[in-house]
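In what follows, chain A forms one complex with chain B and a second complex with chain C.
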Partner chain A sequence: MSGVKMAAAGAARRPRPLWQEIWRQRSAYVFIAPKYALFVVFVAAPVIWAFLISLQEFRIFETVWVGLDNFRRVFGSDLFWVALQNTLHYTSVTVPANILIALVLASLIFPLKSGAQTFFRAAYYLPTVAAAVVVAMIWRWIYNYSYGLFNFVLESAGLPRINWLGSSAYAMWSIILMNILIPPGTGVLLYLAAMGSIPQTLYEAATLDGAGGYARWRYVTLPLLKPTTLYLVVLSTIGSFQVFTPVLIMTQGGPGYATTTLVHLIFNTAFLDFNFGLAAALSVVLFALIMVFAVFQFRWLASDIEYS
Partner chain B sequence: MGSHPTETGLIKGVGAEARAVARARAITLGRAGRAVGRGTAYAVLILWAIISLMPLYWMVTTSFMLPDEVWKVPPTIVPTILKQMPALLATGQWAEAGKLWEQAIDSYRFLFQSTPVVRWITNSVIVSSVATLGVLLLDSMAAYAFAKRRFPGRELLFWIMISTLMIPGQVTLVPMFMIIRDAGLMNSLWAVILPDLSMVFGVFLLRQFMRTIPTELIEAATIDGASEFTVYSRIMVPLAKPGLATLGILTFMATWNSFLWPLIVLQRSELFTLTVGLKTLQDKNLVQYGLLMSGATVAAVPMIGVFLIFQRYFVKGLTLGGLKG
Partner chain C sequence: MTPTMRRVAALVSTAVVSALLAVPVHAAWTGEIVLWDAPRWRDEAGDQFHWIKAKIKEFEATHPGVKVTLVETPWAELAQKLSIAIAGRAWPDIAPVDISGGAINIQYLRQGVVEPLDSFLTREELADFYPGALDAYTFEGKLYGIPTSMTVHSMMLALDHFRARGVQVPPKGRWTWDEFVQAMRKLTYDKDGDGKPDVYGFTTYILKGYYEAWPLLYMDGARPLSPDLSRYTFDSPQGVSALQKVLDLKFKEKVAPMELGSADVGGTFQAFANPEQRRIAVEPWASWAIATLRTNPKYKMDFAVVEYPIGASGKPVTIGGTGGWVVFRQPNKEKLAVVVELAKHLSTTQEQYAFARFYGTFPARKSVLPLDPYGDNPQMQQAAQMLAFAEMVPMHQNWRQIDERIQAQLQIAFAGEKSAEQALKDAGVEAQQFLK
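Our next item is the complex of A and B:
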C-alpha cells in the first residue's frame, strides 16, 4: 500500500516540461483569469502607468516627456510643504491617540460579561459603518458656530465660542478632534480578538507569581498585543496619510490652506486644474512617503516581537 | 495547547491554586475596592459610548426637527416630536399626533420631492449589489485556484496581487481616470463597478479561508468523477460560506460608502451614488441642516442595520484579513 503511494509520489515529482505542466493545470488559470484580468487593467497597469504619467506634461494637443520636472515643481512649491505639514500634523496626533484609546477601551471591555462586551463593541464600531461623507456632514453641523452642539456646550460651561472650522488656528485641530472622539472601532475589535487568543495559562502562572490585575495586564497582556499594535500603527498611518473626505466636506482645505492635505492637493491638482502630470508626481511622492513610514515603523516596532 | 494529558492536568492544578490565591487577595482587598474599580471602568466605557453615539443621535434628531427648531439657541437636544409624541399617542390624540408627524418629516418630504434622492439610492443599490455579487464570484474562483491548485507561477501571481494591497488608492487615481475616460465609461455606473470588482482584498481573505478546507475532500470528489467546476461549486463554495458572507458584507459596505472615485467619474446628477449626491446637496444647501441630516440618515441607516444584523461577520473579517497575514 505504502509502496504504491511512494511510487505515485515519485512519478508526480519527476520534472515535467513547464509548458506541459501549464497545459495540464489549464483549468486553474481559467479560474483565476477573470479576476486577474481586472486586476491587471485596474490595479497593476495603473500603478506602473502612474510613474510614467508623473514624467509627462499633458498639454491640450500633445503630451510631452519632461523627465523629473514635475517632481522639481512638487518640491519647489510652498503648497506641497504646507499640505505635507498638515498631513503630518494630522497623522502624528490621531494615530497615537486612536491606538491608545483603542487599547484602553479594549482592556476595559475584555473582563466584562459577553453581553456587555457585545454592547460596547457595537457602540464603538457603529460610527465606523456610516460613510465618511455622512460623518463629516454631521460634524460640520456639530461644529457650527451659531447653532452647533459644541459651542452650546462651551457656552453652558461659561466659555467663549470657538470658530471651529472657520479659523485657521482651529480648523485642523477640529478635524483631529473629530477623529479622536469617534472611537477607533477597528482597533477595539482587533485588540479584543488578540486578547481573546492569549492562553489563560499565562495569566494563571502570573497570578501564581503574585501578579495583581495591573501587573498581569502590563507584563502579560501588553507584550502579547504588540503584533496587533504594530499592525494598527502601520494600517492607521497609511489611512491617515490619505485623509481626504472630512477635509473636502468640512473645510474644503481652508481657511486659506490651513487644512489642505496631500490627497486633497492631489485631488485639486488632477481634477480642478487638470494637471495630470503634477498630480501623478504628487501621488508618487505620497506613495514613497507611506512606504518609508511603513518600513520605518516595522523596523522600529517589530524589533523585539517574537513570532511563534 | 494541552495536547499532552499530564500537561493539561498540571495546568488545571495550577489554575485551581491561582484561583485560590486570587480569591484570598480579593478578600483582603475588600469588595468595596473592586466595586470602585469596576464602577470606574463602566463609567469610562459608558462615557465613550455616549460620545460615540452622540453624532448619530444628533443626525437623526436634527432630521426630525420641526422646520424652525434647527435654528434655536440653545440647540434642541430632545426634539419636539420626541417630547410630545408619546403623550399624544398615549392619550389617543390621533389627529394631533398626525399633524406633528407631518411637520416632523418636513425635511424628508423636501428631500424626496425636490432632489433626485430616489435615483441616487437606486444607483447605490445597483453599484453595491453588482459589485458585491461580482466580487464574490470572481474572488472565490481565484481563491480556490490559489488555495487548492498547484500550477506553475502560482506563488508569483499571488504575490504580485497581494503586494498591491499596501499601495494607497490615490496613486492610481489619475491613470484610472484616463483609462475610464478613454474607454468611454465616464458617467456610467460601470466606471464605479469595474474598479470595485478588481479589489484584491477578497482573494486574500477567501484564500485564507479555503486553505483550511481539507484537500482530502477534493481528492475524494475527483476520484468519484467530479469535474473541476463541480469541486469549486459543490465543495469549495458551500464550505467557504462564512468567508463569503464576511466578504460580501464588507464589500457591500465599502462600495455603498465609497466616495472619492464615484465623485470623480460621475458628473451627471441622475447617475450619482448616494454619497456623491449628499455632497452636491451640501454644496447647494450649505446650511439647510434639517435637509442635510435627513439625507445623511437615509445613507447611514441601511449600513447601521447591516452591521447590527451581521455583527459577528465583521469581527471575523477584520481578524482574518488583519492578523493572519
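Our next item is the complex of A and C:
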C-alpha cells in the first residue's frame, strides 16, 4: 500500500509535457498573448532584423551580403574605440554614483513619517518624468561659459571660469556631473519599496543582539537590498551604455570626439553617413557588450535571498 | 448673320479658345502626391506653411483628381526624416533638398532614389537658371532637381555697437583682414563698467555640416580638397595661416569670447541677435538671417551686411548653398510627369521672386532679377554682390565623413588644445582614408 502511495507521489512530481502545461494554463496565456505579440513585433523582430542588416551592405534596391565585413570595419575603426572608451568612462562613474546616491537618499527618507516619505518620493521622482531634451537644454545653459549658472557661482567665489562643454578635458565630466546631480528618482523609489518589505523581526532581533542604527543598516538592510541593487545596477548600466540625448543636445559628440558615445556614433553612422549595415553592426556590438556586462553583474551580485 | 450675332459668335469663340488655352496640358494621371516642406516665412496668422498651401491649392485646381498631401517638417529634422524614409523605401514624392548640403547621400543618387529631370526641362527653361545653381544639382552629368534659390554666407554687423564705439562700417562692405582686426579690437569693450569686456567684436561656431567660419579659412587661398577631389589640401601654408589668424582673435587679440569655435549654433545667434544679450558685434551667417533680422519681431535689429575680410588671396571669398525641389523615384511614369509639373509649379520666376523678397534667398532663375526683388532691402543687395565670390563645398561622395573629421579637429584647435598646423595636419590623416 505504501509502495502504491510512493509511486503515485512520484508520478505527481514528474513535470507535465510543455504543451500539456500550456493547455492547462490556456486562459492565462490568452490574456498575455497580446502583450507577447507586441513584444515579438516591436522588440524581438527588430533585434533579429538589426542582426541580419549587420551582415549586409544596405542599399536601397538591393542588399549585398557582406558577412562579417561590417564587424571588421567596426573593430578597425578608431572612432569605435574612442566611442567605447567614452561610453565606459561615462558608465563606470555614473552607475556606482547613481546607485550610491539612491541608496543614501532612500536610507535617509525611509525612517521618516509616512507624510514626509510621500513628499520626498514625489520630489525625487518627479524630475525623472521631465523630457530628456528639455533637461539637456537647461543644463547647456547652466554650463554656458559666459552667462551660465556654474561659472557665475565660480566667479562670485573668486574662482576662474571653466569651459565646461568646450574643452576636451571637461566635456565628458560635465555630462557625467549632470547625470549625477539629477536625483535618481527610480532608484530611490525602488530602494524605499524594498526597505519596506524587510521584516521588522530582523531589526528587532538585531537590536536584541546589541546592534546600533548603523550596524542594523550595514548588516541587515544592505544585504537584504541586494536583489534590488542588482536590478538597479543592471538597469543603470544598460541606460548608461545607451547615453545619447545629453550628448546630442549639449556637445554633438565634441569637442573633437571627446564626448562621442557608442549610441551617438550609431546615430551618426545610420542617419548622417546613411550606412545602415555598419550602424547595425555597431548596435549588435553594443548589444553584446551590454549582455556580457549584465551576465557578469548577475553572477557577481546574484542572491538567493527571499523574505516575506 | 446679323452684326450682333456675329459679335456674339466672335465673343463665344474667343472665350472658348481662351478657356482652352488657359487649361494647361498635363498628364492624365490622377491620385495622391506626397509633398514634404519645411517652414518658410510667416503670414499674419503666424503660419509658416501658407505659401506652400496656396501653391498646392493652385495645383490641385488645375489638375483635377490630383491630391497633394503636405507633410510639414522642421528644417532641423528634414535630413534625418528623409534618411529614415529612404531606408524604409517610403520616401515622399517631392521634397526640398540641398544636395550639396548632404541631405541626400550621393550614393542614393547612384542607386536611383532620385529621378533625373533633364528630359523634363527644355533648353530654354534651363537657360533661365544660373549655371552655378544647376551645377549644385548636377551629378555625373545628370540634373537631380530644380533649383529655386541660392544662399550665401556673409558678415552681419550689429550697428548699435558700431555706433557706440565710433567704428565705421567698411565702405562698400569690403575690408581687409587687418582692417577687420582693428575694428574687432575697438568693438570689444566693457559695457557695464565692471572692468571686464562684456561685448566682443566677433564670434562664430564650428559644427559638422555648417560653414559660417569656413570662408575665413579660405581667405588666404586654401581649400579643403584638391580640384580633382583626390587629395586633402587644407594643411597647406595658406590653410594654416588662415586658421592661425582666426585662432588669434580668441587667444592673442582676445576680441572673441571663449565660445568662439564651440558647437552651440543657437547660443551663437542668440548672443548676437537676442535683445537681452546683444554681446557680439559681428557674426557670419547664411542669408536666411537677413530675413530673420529684418522681419522677426523677436530679433529685429539695425544691422548691415558686408563681405568676409580679404586675406592673402585678395578676394572676399565666401561659401554658398543652393535650395531646390527633388523628385523621388517614381515607378509610374505618368505620375512622374505630374510630380515634375508640381516641382516646376513651385519654382517659377514668380515663386523665386517671392522667396527672394520674403525668405532671404537669392533666385536661381535669371528672370527674377529684372523684377527687382531687393529694391527696398539694402542688406540683400549687399549680400547679392557676394554671389560672385561664392563657392560650394566639395561635392565628394564621402564629403560628410571628410567634413566631420575636419570640423572635429577645428573644434580642438578652437578649444586651444592643438596648434593650427597640427589640427589641420591631423584632419588630413583622418580625411585621407575617405579619399582613397
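Keep this in mind: the second predicted complex is superposed on the first by the 257 of 308 C-alpha atoms of A that agree within 3 Å, B and C clash if a C-alpha of one lies under 4 Å from a C-alpha of the other, contacts with A are read in each partner's own complex, and residues count from 1 in each chain.
Here, a residue touches a chain if its C-beta (ideal position, glycine included) is under 8 Å from a C-beta of that chain, and two chains touch if they have at least 3 such contacts.
Just so we're clear, the structure is a prediction, and the values are computed from it rather than from any experiment.
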item: Which superposed partner A:V64 touches (first chain B, second chain C, both, neither); value: neither
item: Partner chain(s) touched by A:S146 [first = chain B, second = chain C, both, neither]; value: both
item: Partner chain in contact with A:L222 - chain B first, chain C second, else both or neither; value: neither
item: Touched chain A residues, chain B compared with chain C; value: B
item: First (chain B), second (chain C), both or neither touched by A:F276; value: both
item: Partner chain(s) touched by A:I22 [first = chain B, second = chain C, both, neither]; value: first
item: Chain B versus chain C as contact partner of A:L159, first or second or both or neither; value: neither
item: Which superposed partner A:T207 touches (first chain B, second chain C, both, neither); value: first
item: Which of chain B and chain C A:L100 touches, first, second, both or neither; value: neither
item: First, second, both or neither for A:V292, with chain B first and chain C second; value: neither
item: Contact residues of chain A, present in both the chain B and the chain C interface; value: 140, 144, 146-147, 270-271, 276
item: Residues of chain B touching chain A in the complex; value: 1, 11, 14-15, 17-19, 21-22, 25, 37, 41, 44-45, 48-49, 51-56, 58-59, 62, 70-75, 138-139, 141-142, 144-146, 149-154, 157, 160-161, 164, 166-179, 194-195, 197-198, 200, 203, 228, 232, 253, 256-257, 259-260, 264, 274-275, 278-279, 282, 289, 292-293, 296, 299-300, 303-304, 306-308, 311, 314-315, 318-319, 322-323, 325
item: Chain A - residues contacting chain C, complex; value: 58-61, 78, 140, 144-147, 161, 163, 165-168, 251-252, 254-257, 268, 270-274, 276
item: Touch list for chain A against partner chain B, complex; value: 18, 21-22, 25, 27-29, 31-32, 34-36, 38-39, 41-47, 49-50, 53, 101, 104-105, 108-109, 111, 118-127, 129-135, 137-142, 144, 146-149, 152, 155-156, 181-183, 186, 189-190, 193-194, 199-201, 203-205, 207-208, 210, 212-213, 227-228, 231, 235, 238, 241-242, 244-245, 248-249, 263, 266-267, 270-271, 276, 279-280, 283-284, 286-287, 290-291, 294
item: Contact footprint of chain A on chain C as seen in their complex; value: 79-80, 83-84, 86-87, 89, 102, 105, 107-108, 111-113, 207-208, 257-259, 261-264, 267, 271, 277, 279, 400-401, 404, 408-409, 411-412, 414-415, 417, 430
